[in-house]
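The same chain A turns up in both complexes below, where it pairs with chain B and then with chain C.
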Partner chain A sequence: MLKIENLSKKFDEFEVLKSVNIHVEKGQIYGLAGTNGSGKTTIFKHIMKIYNQDTGNIYYDGKNIENDDNYFSEFYYIQDDLFFPHNYSLNDLFNYEKMLYVNASKEKYEKLLKYFNIDSFKKLRSLSKGQKKQAAFILAISTCPKVLLLDEIVDGLDAVIRRKFWNVILEEVMDKHITVLISSHALTELDNICDKIGILHEGRIVKEETMEHLKENIIKVQFAIDEEFEMIESEKYNVVKFTKIGSVYFAILKGNVEEFKKDLNNKYNVILFDELSMNLEEIFISELGGLGYGTEEYKA
Partner chain B sequence: MEQKNIKHSNFLNLLINGLKEKRNWFILSMTILITTVLIVPILIGSDINEENIIVGMVEIFIIIFLNCIIDLSYLHDIKKYSFYLSKPNSEKDKINLFLVNNIIFALINIFPLWILSIIMKFDTVEIFTVAFPWLIIGIFVAALSGVLSGNSISSGIDTIFNFTLPLSLLGVIYFALNIVEKVVIGFNTDILMENFINNIYRIDYLYFIKFVEDSNWLFYIILFALIPLLIYLLTMKVLKKRKNEKIGEFIVYDGYKNFIALLVSTLVPFLFSSITRNSGVIGLLLSFVILGSLTYYVAMAILEKSFKLNKKSFKLLAVFMTIFIGFVFVGGVVTKQYENKIPNINEIEGIVISNDNGVYIEEKEEYVNFYDIELSFEKYDDIVIYKSEEAKKAIIDIHKAILENDSYDRYANVNIIYFLKDGSELKRYYRLGENRYYEPDHTKEERKIITNNKLNDAAKKLLDTDEFKEKVLKFIYDDSYSENFSNGKITINGNESEFTKEDIVNLRNALKKDMEINIFEKNLNMIYVLVNNTENYLNEYSYNVERYDNKHREVYIERMDITFDQGTKKTHYYTIPSSFNNTTEFLKKFL
Partner chain C sequence: MIKIDESNVKPIYEQIYDEFAKLIFLDVLKNGDKMPSVRELALILHINPNTIQKSYKLLEKDKFIESKKGKGNFVSFDTKAYNNYKNSFKEKLMEIIDELIKIGIDKDEIIKLVKERVDNA
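Right, the complex of A and B next:
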């Protein structure tokens, strides 16, 4: 559906994107998680041809978008830093967008207005930051896009509105099979909604996997041993992180957890052993910790 | 394919939407126009005339300029840019909308002025001939500048810069030729620039000024279509490679930054050299290198918003300066080959020689630059084109004397145009001295320069020709001209008296005698009076020759005007030197 291949971009001498590869399938919700300044927004702007890449290609439905602008009518991009034309109300803007998007639906627009309870006659510039995000979201969904690009859309919104956003997105994905590419720092929420995740760090995709696969491959275990312990090592698994709280040890593992359990039992008298599911935030921190972007403790 | 159709049908809707958004601007501009063009003139009791139309036109220019800057502001704010350009409305569509929208808005604004001009029967065709293309092309230039610029203020400045770019380039060429002028004797930047502008770099057509006098409407339309088309194509080319990540900077194109800085780095030394006009070649080149480098650095530092420039920028400056100096050097070498060229007498149809840079032609009621004089101008009394063999030979000798002796200080002008039989022209310009050399405190050395014998001998030869006497001193020597005059008026130092036909004969005889005694029979420094083809020949004589000879000036009559009305009014005026005994004796009865 949407494929980014070896996308690289330099801003003067600074390399913002380094051979980025992203694959988004139709009807998928793809979460783009990344550290601050990792290049998430830059990727969105490349998809919308706001920036031109130095190297690499972007394909939509198998076609290279470089010489094809037709895909614009099927995409809707909500940027992190919102802009609305001066003196426009939401109604004015919807009428303007109706001229651009042939599939724009008045019915859906009105339904969303009611759902979010937004005053569509009010000048957009007089709305709060959260209301502006809702307005932008209403417009985006009303144009019935096939691909929705959301750049940190829920960040800064209250829990109720965030839940409403996710409801609408999930409904659109299920009903209309739209594809969503979303960047956010709210990793817990991405965890709940995304089918696939790409972790971006310093302009490079360090991990891209479906949520299911991602969680299968990385696991957190807790265990207790009544003797002196030294971490075991094997080629069959890799201990990414290891901590001890009280008498309980915690380890984040990549690879075969059963082998780890077996080795542990062979060497030590294990009193307790539990597998804990990891959330996206933990996976994110764990992945980036290995790249020198860890959460070392601060000591005053 | 489907999308293309969608866009096509959207264009009109978006255009109408854009025009609706200009409703308030239209109300504002109409209010301003009605107030300044109609109401205020009526209130202050003055007539509504062409000047009010010009005022209205200037106001429209300002309004359209502001509109362009505002409409293009989406190119200068990444938020706006992302908003508009992420929609099914490409960059190209957006620029097209901007152009059509603002052209229509400009037409709507200009229309009432045009109607008013027709109703009031104003002769404003010239104004509209120039202003209309300026306005439309200005919109295209604004679009190009908007794309090149990274913020709205620089976009506005850049629009003016790009609109005047042909003139700035002319300044650069002028500066280069100005340096060549210092190397090659007889070479004149003004002449070459004039030829360049008249034959190659048709800036008068480019700015549509030529069409005011030359109503070639087909060419006008072609040019009016061609210039915007070229600007449009360039805009589209630039748009494709625009670096939007640089939005917010002054200029989003690195190469364009260097172009601006290089142009400015040439224009600043040029402006400085125009202030200090007497600088030599080395001085000019040094000022170009030093001042140019400094200007370039400052310009680049401003455009880059950094005091640290990359090596590429400095390399570019070095290359440009080398090319510029190379151009000057090659230009100098090439031109130097023609420095000593004097046409063969058999090739010459006629010659004009003068130390004035222009002539007022009374019949045309027009001041004509010397180098605009054509062979056909010989019909005018104020233009003397020498055609006799003896006069031609004398002028060639003057020219040779100037070339052979380079000890002249080149300040006063000697301008020569050879009209050749094959239709071509050879124009030369020399500076031989300046008025300061006539001051009493001149050194002997300076006087020696002025009294160069070879030059004086050649000048005297020309003075002795009948053609000189009859054409330059028409009233005194051309019998066929003066015999037709009957009674007239003589005004001496402001006192008017009647003047009979007999007086004319007596005055002419007296002047003839004095001219022979005081000028033609003396071996004076003639070059400074010789080439003055105006009526005030004797004034030149009294100021220059007599003063030089006698160390102080003695004038009997400062100004004497003789006016005749023979169908057309003819006036001759002279300054009578005190050494003109016969003339002063005759004129006593009128004092």
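Right, the complex of A and C next:
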């Protein structure tokens, strides 16, 4: 439903996006996880035509957005750097947005005000950073968007408010089948909520997979062997990382773990074998470590 | 009601399956009882609704629950499910016995322990 194809962008000589491909299905919660400065915000800004790409295309419902601005009323983008018109209260801003978004709902707006407990008469500039985020979120949901673009919306909020944000997102996805593209560094939260994950690094999507596939294909194992050991190899699995502490070995494997276990048992006397699940954060670190990101060591 | 263990190697959909299977088996959820809706559970557990849907599909396939169009999911537990569930526990016991042998516990001792437990049950 939202498809980004080979999107590339240079700012002066700096390549910010390098042939980015993203595929979001209707009703999906898509998590964009990326290293700092990887280009997450730049992607959002291309979807909203704040930037124009050098090459590549963005499609919404099969239509190239280049020649069509109708989608704007169905999208809502909350920027990481929030900006509100001077002297506006939340009420003022909602009344203004009602004119831009045909589906905006006063009823929903009031429901959300109650849920978040925000003073809608107060000037937005006098709100705290967290309150501003809530105000922006209330506005976004009140316009009843079909596609919600959220740039680090939950980052920097307290745990209670974050939970409220996720509740609203889940409710809207389940009830109205909205589509959500969300970037965040809160990977433990994306972990259980997202259907699909794209990992962005240095302007490239280094991995795009459904959460289910992502988890099935990578696993951490620890095992102990009481004889001379050399790591086994096969085409059925790929050892991403391998370390040893005493006679216990740790490995991160991609591919078929059962085959690895079988091969290991056939060749060695395995006295211990544990499979440990990997959460999104660990997968993220492991994937990027494979690209040499964050592998430096520090010694005091 | 349902516990999710983030550090468990089992995928979340399987954990939800296991938790419900246990509740049904223990008769906490009885035949004909309504299951929580996918939506309710997604909000309580903060888990993607598709994950929960997947667990429900599996529970339905294994004949723990039945889906009634427009009404929701209901506990509908038959002997086939019962037997499958029992077998999965037998496998667990086998694994534990393997572990006991591995760490060097004497065969006779294992048999003695099992017998004692069964006799006292």
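Definition applied: the second predicted complex is superposed on the first by the 290 of 300 C-alpha atoms of A that agree within 3 Å, B and C clash if a C-alpha of one lies under 4 Å from a C-alpha of the other, contacts with A are read in each partner's own complex, and residues count from 1 in each chain.
FYI, a contact is a pair of C-beta atoms (placed from the backbone, for glycine too) under 8 Å apart; a residue touches a chain by one contact, two chains touch by 3 or more.
Quick caveat: nothing in here was measured; it's all calculated off a predicted structure.
Colleague: Record, for the superposition on chain A, whether partners chain B and chain C clash or fit.
Modeller: Superposition result for chain B and chain C: fit.
Colleague: For A:Tyr77, using the defined touch cut-off, is the partner it touches chain B, chain C, both, or neither? Pick first, second, both or neither.
Modeller: In the superposition, A:Tyr77 touches chain B alone.
Colleague: Which partner does A:Tyr268 contact after superposing on A: first (chain B), second (chain C), both, neither?
Modeller: Touch partners of A:Tyr268: none, neither chain B nor chain C.
Colleague: After superposition on the shared chain, which partner residues are touched by A:Tyr51: those of chain B (first), chain C (second), both, or neither?
Modeller: In the superposition, A:Tyr51 touches chain B alone.
Colleague: Of the two partner chains, chain B (first) and chain C (second), which one does A:Ile193 touch, if any: first, second, both, or neither?
Modeller: second
Colleague: Quick one: is A:Glu97 in contact with chain B, with chain C, with both, or with neither? Answer first, second, both or neither.
Modeller: Touch status of A:Glu97: first partner only.
Colleague: Touching A:Trp166 in the superposition: chain B (first), chain C (second), both, neither?
Modeller: second
Colleague: Nearest approach of chain B to chain C by C-alpha atoms in the superposition, in Å, rounded to an integer.
Modeller: For chain B and chain C in the superposition, the minimum C-alpha gap reads 28 Å.
Colleague: Mind pulling up the chain A residues that touch chain C in the complex?
Modeller: Touch residues, chain A against chain C: 29, 163, 166-167, 170-171, 173-175, 188, 192-195, 211-212, 215-216, 219, 271, 275-277, 279.
Colleague: Taking the complex as given, what residues does chain C use to touch chain A?
Modeller: 4, 6-12, 38-39, 42-43, 45-51, 102
Colleague: Using the touch rule from the top, collect the residues of chain B that touch chain A in their complex.
Modeller: 2-4, 6, 10, 13-14, 17, 77-83, 85-90, 241, 243-245
Colleague: For chain A, which residues count as touching chain B in their complex?
Modeller: Interface residues on the chain A side: 9, 11, 45, 48-52, 69-70, 72-73, 75-77, 79, 81-85, 96-97, 99-102.
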